[in-house]
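There are structures below to look over.
Look at the two complexes coming up: chain A is in both, with chain B in one and chain C in the other.
== the complex of A and B ==
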């Protein structure tokens, strides 16, 4: 098997967790792909998930997204925030249903600001499902070496939530 | 074992360029994926052409600007390429990411592709999802990326990957 698309690390939760971290990400790839299957215990259909890079909680994160809930499409922007917030299933969504997320981060070791894309969904066999495509920007020029999934307050990711980090080589 | 996701060619610009061209693309894969990450020297729109032809292209897209979400179609017979961002121009030297996926590129039917443009600029920007059609039964052997004005800046990277189904 070629080493172009390589699993760096993964984590499937066997017990609930307040956060999930990929640390010491090697600088040996060109791009990163992050995939996750997410459910949490927040009392909502779309429980979401929050992500920080390099353990930074300063106002370096901004994003623009277009999304749809099955009835209409909207677009929203947020600038200079302290974390990214993506789509994921909460505890009142259809049982045993997890949201899905894929993030593509090119040139993660480069010295330019980090621009990437996210595509995420939270399905619910009723109203309030969501599909979202997002343009993301981190105002940092250092290499990415850590990615952390968080939740607000005392919320936790549910058992069975899974997280995979892949490295992509372009030559 | 065959590689299912393999870099065919990659370009990292050592100097500004008006286009990035992938030529002589072989037919040894099932699908193609092209990742373009970089910036432009002018506020501009990005587009691509296939096999160095100027027709016939059409596309339908969903976009969001942070304030407006909408869908449009561009099927004009005079299209000379497929635009990846239609509504908000790139910012000068602002970073963007474009991901293009071409399916059955060597087949004998018309060629469909999906593209995604992601260009947040901390206060402005756009995300755009396209379904694209190149109305030709020829195999895709060349893909060329352009800014409609200015250049791709130094450091812009474009990589073409081949995807095998088996």
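== the complex of A and C ==
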């Protein structure tokens, strides 16, 4: 039976870091799955996180998301941004809780613009938490070979934040 | 003085992970990106709020509720 879901690489932070990059991603799979368990030092419950592809910071990223905090839901569309914005845990969420994120990027080596989905939550042992489902598009027509997690300004991902990159083969 | 932020680079071709200090230019780039994204987020939220307000005003003028609109459209 073919192995269709393969861990390409992973990292769990043993010290805080401003960014985490998966570089030289092999072009030998059909799709990519990126999972993260993240917390950062921003002074909020929902700390957020940012992601760029192929080290490109021009205005090529667009997204539409629905975000709910349990009392209200909002929908937002942003286009021509310089990075994607997802949710994660900030430093005022319950200690030792981490936000969860999963990104599914099909056909990452194709020559068309890349569309993908992201599902992320900020977790909290209290009433304040968020869930966000996002449809994403990036104007990159070359193969994706690098993915970088960033944060605004001088913020850092906390110790224990983990990142996993998987490759999917259709057969 | 605060420690210089670091970046983690996982090379998927070799499996080697490096932890390197950010350069001043990289720190400046991050801050610039943050400001740009924040501007876009604020603009998008303002646009959504304006649309919602216009919709509410229109419904008010028409004298119908949101639920009644959904019934008409359903």
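The working rule: the second predicted complex is superposed on the first by the 167 of 171 C-alpha atoms of A that agree within 3 Å, B and C clash if a C-alpha of one lies under 4 Å from a C-alpha of the other, contacts with A are read in each partner's own complex, and residues count from 1 in each chain.
Keep this in mind: a residue touches a chain if its C-beta (ideal position, glycine included) is under 8 Å from a C-beta of that chain, and two chains touch if they have at least 3 such contacts.
Computed from a predicted structure; not experimentally measured.
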item: Touched partner set for A:133, first chain B, second chain C, both or neither; value: first
item: Chain B versus chain C as contact partner of A:17, first or second or both or neither; value: second
item: Partner chain(s) touched by A:169 [first = chain B, second = chain C, both, neither]; value: first
item: Which superposed partner A:62 touches (first chain B, second chain C, both, neither); value: first
item: Which superposed partner A:77 touches (first chain B, second chain C, both, neither); value: both
item: First (chain B), second (chain C), both or neither touched by A:5; value: first
item: Touched partner set for A:106, first chain B, second chain C, both or neither; value: first
item: Partner chain in contact with A:116 - chain B first, chain C second, else both or neither; value: first
item: Those residues of chain A which chain B touches in one complex and chain C touches in the other; value: 74-77
item: Chain B - residues contacting chain A, complex; value: 1, 3-7, 10, 35, 37, 39, 62-71, 95-97, 99, 116-127, 129, 155, 157, 159, 161
item: Residue ranges of chain C touching chain A (in the complex, touch as defined); value: 2, 5-15, 17, 19, 22, 27, 29-31, 33-34, 36-38, 40-41, 44-45, 48
item: Touching residues (chain side chain A, partner chain C) in the complex; value: 8-11, 13, 15-26, 50, 57, 74-78, 81-83, 85, 150-154, 156, 163, 165
item: Sites on chain A touched by chain B in the complex; value: 1-2, 4-5, 30-31, 62-68, 73-77, 79-80, 104, 106-107, 110, 112-117, 119, 133-137, 139, 169-171
